[in-house]
Structures are given as structure tokens and as C-alpha cells.
Amino acid sequence: MQTRFNGIIAYPITPFTADGKIDTATLQLLVQRLIDGGAHAIAPLGSTGESAYLTDAEWELAAQVAVSAVAGRVPTVVGISELTTAGAIRRARYAEQIGADAVMVLPVSYWKLTDAEIIAHYAAIGAAIRLPIMLYNNPATSGIDMQPELIARICREVSNVTMVKESTGDLQRMLRLQQLTGGSVPFYNGSNPLAMAALTAGAAGWCTAAPNLNAALPLALVEAVRAGDLARARSVFERQLPLLQFIVQTGLPTSVKAGLRLQGIEAGEPRLPLQNLGPERTAQLAAILQTLAD
Amino acid sequence: MQTRFNGIIAYPITPFTADGKIDTATLQLLVQRLIDGGAHAIAPLGSTGESAYLTDAEWELAAQVAVSAVAGRVPTVVGISELTTAGAIRRARYAEQIGADAVMVLPVSYWKLTDAEIIAHYAAIGAAIRLPIMLYNNPATSGIDMQPELIARICREVSNVTMVKESTGDLQRMLRLQQLTGGSVPFYNGSNPLAMAALTAGAAGWCTAAPNLNAALPLALVEAVRAGDLARARSVFERQLPLLQFIVQTGLPTSVKAGLRLQGIEAGEPRLPLQNLGPERTAQLAAILQTLAD
Amino acid sequence: MQTRFNGIIAYPITPFTADGKIDTATLQLLVQRLIDGGAHAIAPLGSTGESAYLTDAEWELAAQVAVSAVAGRVPTVVGISELTTAGAIRRARYAEQIGADAVMVLPVSYWKLTDAEIIAHYAAIGAAIRLPIMLYNNPATSGIDMQPELIARICREVSNVTMVKESTGDLQRMLRLQQLTGGSVPFYNGSNPLAMAALTAGAAGWCTAAPNLNAALPLALVEAVRAGDLARARSVFERQLPLLQFIVQTGLPTSVKAGLRLQGIEAGEPRLPLQNLGPERTAQLAAILQTLAD
Amino acid sequence: MQTRFNGIIAYPITPFTADGKIDTATLQLLVQRLIDGGAHAIAPLGSTGESAYLTDAEWELAAQVAVSAVAGRVPTVVGISELTTAGAIRRARYAEQIGADAVMVLPVSYWKLTDAEIIAHYAAIGAAIRLPIMLYNNPATSGIDMQPELIARICREVSNVTMVKESTGDLQRMLRLQQLTGGSVPFYNGSNPLAMAALTAGAAGWCTAAPNLNAALPLALVEAVRAGDLARARSVFERQLPLLQFIVQTGLPTSVKAGLRLQGIEAGEPRLPLQNLGPERTAQLAAILQTLAD
């Protein structure tokens, strides 16, 4: 289980200008801020990055700007959430071409997919690029739930699927995946409130949008677990848990964009039909951020 | 509850050529065949029509070809399943421009939508066109489940949302909607195996892809219920139920395309990651179609 | 598909005295009232009858009083909801001994049961009595969901399981069961809001507690469907639907006992932890009953 | 958060003789074995102990024998899973009378309970005894799912509900409960595969039947977490995880009784409709136990 992706995999939101275009300057700023905050890898165009809501041109622009902004200082993994295999391949090739280090691929359903269809989807993307692929399971957004047995099979059959991100919030899935792969496939936690449990259980990293709003506490959790300091891990985790719960409950792009605005960074609104956080929830978020800053 | 849409609302699949392009000639043929079979309305680009899998250009071409092929002989309702409000509006305006009689709008989720976001989505589309809108609830494909209370509210608040298609397969939803609207909003059954129950319960119509493979039996069911002939309704329904169950279980585009091929019409493959039906399931479908033809 | 059980299978509640004992006089009164109201069969000790909440002695007393009160005027089917096979057999034998015409058996789970365990449960009860058994599927109360395939198998393997009551509220289950048994096993609807759909689909009867509060409308629905008068069926069904929805939503023993009190019959309280309906809900029920009495 | 219950809360099965009676001698043996294995508390008549399947007389006998066998060497908590409040009170009083240190109370549903009904159930039991009560949430067996908000409220309102056992397998529930109670209510993990995560998250103990088959590894996990030795915790947890997964998947009484038989202790069969593990699954269990013994 060797990988360049370890620790905090930070997910920038995709900022929009007032007229709804990709705000490249703010995206550069956000990437820089995440790296300054200690992120071990940058993952543009994840769920947080509204990947699924962008046109091809917008997605390509955001990918190119983010990867360039990272400039090789840490590895990059670019998110792809496309309904069609052809669309996923097109974006994966683009990511490879602009120098991303990996792609993260979420199969998205309209019509439910059979296991054979999911495997073929990954195989086709895998064959089209040389980059490593992070398989991403997130049924709440994608409508497709890949069980550990299927995930392990895809890892065996598609040679460049070498990492797994689990976002079901079910720790037992991660344990089962570890068993099925003999620990040979690094897995990543994508469910923020499970971060401490996943890291203590052996997750290679934590895929999270939280560092957009507070970089120190997620990093401190990773470091405490690495150091085997359980008391400190529990303490820093409990401290940040209200923030993690809040951003998950209200939706990552929505809440992170509201939080950035509170911190003086204008990243625009999420794309309709997604609406902004609204005053009441924004006040709650402000209160949470305030306690973390104290 | 007055509407031009009554009885069989037939959903053509979207045929592809061998190289994956819209097969306009076959689409014209399929539309003609559905009208010849007695369909009371034509609904291109529904779930059956792989609406969500098409590029804007493909969707526009298919919509234009289908509406032209109908040529006003029966009303048309064009399906829209877009993740963004802007994308849905663009397609709705196009449908209006080419002379469709209505649009059917399914909100699609990646991030879950609040009620306010769903209402605003319909309101924005409603404000952009003059056509009537058929609200479409199909959580299994869209990831969004609109309860009867929300649907009734949207019908009240968005004046051109005048029809509701329910595809949850839960008859009680339809009964509840009738109660909440005082019967003023015509509702349509989108769950094939519920067709008889929904029609006897007062559904204005049955939205179905079955007529692509057998037009006579769905029509006979509608006519038997209209005539109050319960014994005949039950008989014709039981006869076609295995077909309805099969196409739902295996996915409508997949199974209908396989069935058309069995009937000598080459409509191509569903779009990847969707795969074709495969030999074993195709043999089962052939057997079912054979019994209906006897 | 021959059976003595057809039409309205009426479920009396089990009345309690103020000190929590079985109120035998009121139970006799309720049974008489249901027969006077036209019930085609009487089913004491169903879910409505709080069967699962009674000691063996209480259950036996209630069963004996109810069967005696019917006095053979219509058939009786006595409900059994026991966690252990031994307990179910004991009650089934008692029902046979006191002259019941059938037993209705709901397997109840604490630890989930395998299909083999469920089959063996029915087989053991079937072997212990000569009475016909109505298999009862109601996962919401029992924690066990028997799919149509399993139910059909039990009907094949256990010779005196000759009737099936489905209470999932999923009409497709009933259609599937009809297919699997070739229509040879009469099925009964146990989901009140599905009554019209189930009867038009061919249900042999409707298992319902509604006649405790209004006997005329359920009977009128059955008669309208039998007569093939769809318009009248829809009309009488829509009229009673608010009552059906209400008693299901608030729990049958709770709501029926409250309704009886409104009608001047004191049947006591449901057994703790179940509480009575409370003033607010009781006022809603009174309003619904008033509209039906107009 | 002070409690006498910490660490391994071990759940003996309830052994039966060949003719289905409580096997008191074997129960004494099992209790002794658990204490010898280092259990910090003994919990007879849990889900593992088939509490819900026993008559009052059987339950009382098993409770009395188990508590006597412990003889005060470690604290005892006796499980109560009764459908009626009266039945739960009767058993709780008996437990108090025979000298148990606490009772564990699982509300069990047939008709779904409102929050008010659940609260009143605990309040009535709480008022009837002086013992502390461990609230037990296990929707998979009981049909009742108490959310953390409700649990926290019960802990506030019923003074002797002082401990919470969570068996949903959802770690976030435990974190939320900690937040809601400010850490003042000790919580216990009842989901075996979550043991390490729950303990690292601060659980006061682990309620488990695993020590019936292997006492050393669960104890080693608790000790490693207490010592803050994360590497060792992970190692001993991974070692025992296959056993934990197996006994959960196949049902605790079923699998533990099979395992005891493999270890030379005849504890009889689970009570029908529960069946024994069967030869194929028993062979799997034997293989797992063998690897742990190596």
C-alpha cells in the first residue's frame, strides 16, 4: 500500500463570478490557501467543487487553473462525475494532459447500473489514461452504491484503479475493503464525521473540504493519529466535529461558500438549483467558526 | 381537471446509429408506429428516451425530429432531466420553440435539494416558457423524492405546472395528491405495473414505453377502464403484466431497444455505461413478446 | 381459488376494562355490531386486537369469547403473532379447539429469520392443527418481510396455508403472488388505503378494522367492485379514504378505541406502552367520522 | 461520567437442555468462564441471551442463576426486552430483588411507538425500581429506532437512566450523543464490528458476546485503547474482526451456541423458530476460531 496520496486531501470549492463564470483568480487563491494550510494533496472538482454541474469547458478551465496553481508542490487528484462513459473518458484524458497526478471517478446513475456496467465503466476509463484512478463511492450523490466486494473486484481487474474513497459513512465498509484487499489498496475517508474512526482504522487519508474553512484542526487530527496520540486525537476531533457535521448537513459547496464569505473571500453562489446558505444557517456557521478561532 | 393529455402517453426510445449518433430516420419510424398503435400523446426524451444522457445538440435534434414527426396529430410532451436550472430552461425554451405542446420536468440531484430549491427550479422554468409543465416525480432515477404535499404546493405556486406524473410505484401518493388538489390536477401513472390500479383510481393517463413493443394491450386497458369493464380490464392487464414487469426490471431503454431488435427494428444500443440486454435476458423477452403475439 | 373467506374480513379491537382486563361483554357487543354491519368474516386478535400484547390466558379468553359471539353465523379467523414456534402452536391449537374456522399467522422477529426458519415455523404450526392458515405478511409490525416468492413457496409446501394477507401496501406484491400461484391462492388486502386497488386487482377480501367505526362504506366498496361499478367504487372509496388513512397513521387499536368512545362505546385504552389517541387527534377523528355520518 | 460499568460487558447466551429447559449448570459454567476471561461486567439475558424468547418463569430463573453465579465479583446488568410496560416492570423489579446492579431496557415494538410513549415506558420502569437503567437502542431487533436527541432527553427526564448502549452500528450516533449530553452519559458500543472505533471515540465499554468464544482478544483491544497504543489496538482488532463479523451476520445466540459446541460446551439449540447454525456455517466458524487459537 504505497501511494503519494496521504493525509489531508483537500477539496477546494469552485468559485463563480457574479455572472456565474469560473472565477479563476479566486480558485488560485483557494488552492494556495489550502497548500499554505498544510494540505498533503489537492483535489479540485470533487463533489465540493460542483464537478457534476459544470459544462465541459468550465470543468476543463477549473481543472487547468487548479492543477497549475498547485504547480507540483503536492499531488493533485481531479474529480470526474459523469453520467456517460464517453464524458468521463474525455475529462480523464484532459486531466492527464494538463498534468494531474490522478483522477477520482464517481460513477453516476440515472438508470441503475449492473455490476458489469460499473466494471466496464472503470475499465474503459482506465484503458484511456495512464494515471492512477481513485474509485469514489458516494451513493447519496451518485445513486450508485458499490459494495466492498465489487470495489475490491474493480481494483483487481482494472490495474490503474489503485485507491478507494468511501463516503457512505459506514466504517464497516472500510474494514471490509481492507480485509478483501489484504490491506493492499489504500482507502480514504470521504465522510467528514467519520474522520477520526477511519484514520485510526488505517485510512491512508481524509478527503475533506473542511480545510477551506479551517486547515489547522483537520491537520492536527491526522498528525495526532500518526503520532499514536489518542487523547489528543480525540480532543482535536471533538473540537472540529460541529463544523464537520454542519458542512455535511447543509451541503459542502453551499456551506463552504458561505463560510468563505464570512472569512472575507467572495467565491460566489453555488449553481442553481442549489441556493446559498441563507441568513439563519449562515449565522449558525459563523458561530461555529468563531468557537474554532478562539 | 381538463387536459389535452389523456390515455396512453407513449414514450419512444431514442435510437442511435452504429456510431452512436441520433438515428433520426428510426426515430421518425418509431413515432409513426406509436401513433399508428393508437397512442393519445407522444413523449420523446423521457427516461426511456435517455434524455439525461444526451448532449444539448443531440437532445435538440431528437426533440425536433420527434415533434415534427408527430406533426400535431396528437399532443407532444418533451422530457427534460437536467441537473442545473439553466440547462433545464435552455431545453424547455427549445421545446417551446419547436412547437411541443408541453414539457415534462424531472429535477435531478447531485447535492440533495431543499423544498425551496425544488420550488424555485420549477418556478424558474415556468417563468421562462408559456407551455404547460408536467411535474415528474421519479426518485429512483433522479435522487429526489417529492412528497404529495410538495407537489401540490408547486402546482399551486407555479401556474403552468398543470400535470403530475408519479413514478414511485406507490398508489397512495396518487390518492393523496388527488385529495390535496381536490382532483383539480390531472395525474399520470409512470409505474407500469401499477397501470390498472392508477387508471381505476382516476389517473388521467398512463405514461409508458410499453407501446414501443406492444401497443394494443396498453390501449385495451385504458379503454376497458374508461368503459367501466373491470373484468376485461383485469384480463388485458394480467396478460401484459409480465411485459411491464420485465421492461421495468431490466431498464426501459435497454429492454425496449432489445425488443425492437427482436421485432426487426434496429435502434442501436443504449449509451454507455448502459449496456445492451444480453442474450439470456433477450431470450426471456422474446418469450414474453411471443405469448402476447399469440 | 375457493374459500369461505370473501369480502369484508372485520377485525374487532380487544376491549379492556378500566383495570386492564379483557372486557368480554364489550367484545361480544363489538362482534355483534360487526356482523350487523354486514361483515363477511370476523377476525379477532389481529394487529388491531393487540394480539401480541396479551398473555396466553388473556388471548385465550378473548378468542373464546369472540368465536362464541360469532356463533357460526360467519367464518372466524383468529390472529396469532407469537415470537416462538411453541407459543404459536399453543395458540393455534387453542383456536382449533374452540371452533375457529381458520388462524392467521404472523411470524414475529427479534433475531431475523432465514427463509428456512420461516418455512419451518409455518410447517410446524400447520402440522399441529387441521385448520386452514392465513399467512400474514406485515413487516412494519413483525420485522419480517416475506417476498412473494417465499410466500408462494410456503403455500406449496405447507398444505393448510391456503390464504395470504398482504399488508405491505405494495400492490405489486399481490400481483406477483397471483402470478406465482396461478391465481390458486386467495389473497387479502391488509393495507386499508390500498383497498380499492386490491379489490379491483382480484383480492378475495379486505382485512380491515374500519368497520368498527363505519361498516357501511367498506361494504359498499366491496359490493361496487363485485358489481363492476367502477364509478361507484371510486366514489365510496374516496369518501372513506380519509378515515382509512387516519386509522393507519395513528395505529389501529389506538384510533379505533378512540373512535368507539366517540360513538358511545367504552372499550378502554390500548395497552401500555401504547397510549390513547389524545385530545387533538381525537378531535380530528371526530371530524372525519362526522363527515361520513352526514 | 462515572460508572461501575467499564470495559468488557460480557453477554452469556442462555443455555437450554435437550428438552428445551434452562440449563442452569451450564449457565453457571458460562458465567464463571466469562469472569475467568477477564470480563468487567456480566449481562445475562441480552439479545444474545434470547431474553425476548423466554417465559417469565424461565427469564427469572436465568436471571437468578446468573446473578448468583457472578456473586458480586463484577457488576451485573440484566436485559429486559418486553413488549408491554407492565411486563418490563415486572422483570425489572425481579432483577432488583435478586441483586442485579442494573437493568438494560430495550423497548420492543409491534405498533410503532411515539416519542412520548417511549419516554413514558422508561419513566414507568425507572419509577418502579432504584437500579440504574442502561437504555438500549437496537432497531434491527426491536423495530424502534431512538435518535440521539430522544435518548439524551430520556437521560435528562428519567433520573435512573444513566447509561446508553448503541447497537445501530452508526458511530455518528455515539458522537452526537456525547455532544448532546456534554459527555455526562457513559455510552456503550453494542455493534461488535464497531468496537475499536467506539472505544477510541470514548465509549465506556463494549457490550459483546464475543468473550463466550474468545475472551482474550476483546480484552486486549480494550486494554490497548486504554493504554493509548493505537498500533496494538489495530492489530488485535483486525485479528478478531472476522469472528465479530461472523457472529453478527449469523445471529449471536445461533453462532455462539455453535461455537461453544465446537469448544466442548453443550449449550443446546436456540429456541425455535431460530435454528442451529448448520454444518456449513459451523465449519466456517470452526475455521475462524482455529485461526484465533493459533
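Each chain gets a letter, A, B, C and D, in the order it is written, and its residues are counted from 1.
Convention: a residue touches a chain if its C-beta (ideal position, glycine included) is under 8 Å from a C-beta of that chain, and two chains touch if they have at least 3 such contacts.
Just so we're clear, the structure is a prediction, and the values are computed from it rather than from any experiment.
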item: Touching chain A and also chain B, the following chains; value: none
item: Most remote chain, CA-based centroid, reference being chain D; value: B
item: Between chain D and chain C, distance of the C-alpha-averaged centres to the nearest whole Å; value: 35
item: Inter-centroid spacing, chain D versus chain B (mean Cα positions, whole Å); value: 51
item: Shared-contact residues (touching 2 or more other chains) in chain A; value: none
item: Listing of all chain pairs that touch each other, if any do; value: A-B, A-D, B-C, C-D
item: Residue ranges of chain D touching chain C (in the complex, touch as defined); value: 20, 47, 52-53, 81, 83-86, 107-114, 116-118, 120-121, 124, 140-143, 251-254, 270-275
item: Chain D-touching residues of chain A, taken from the complex the two chains share; value: 169-172, 175-176, 178-179, 193-194, 196-197, 200-202, 225, 228-231, 233-234, 238, 241-242, 245
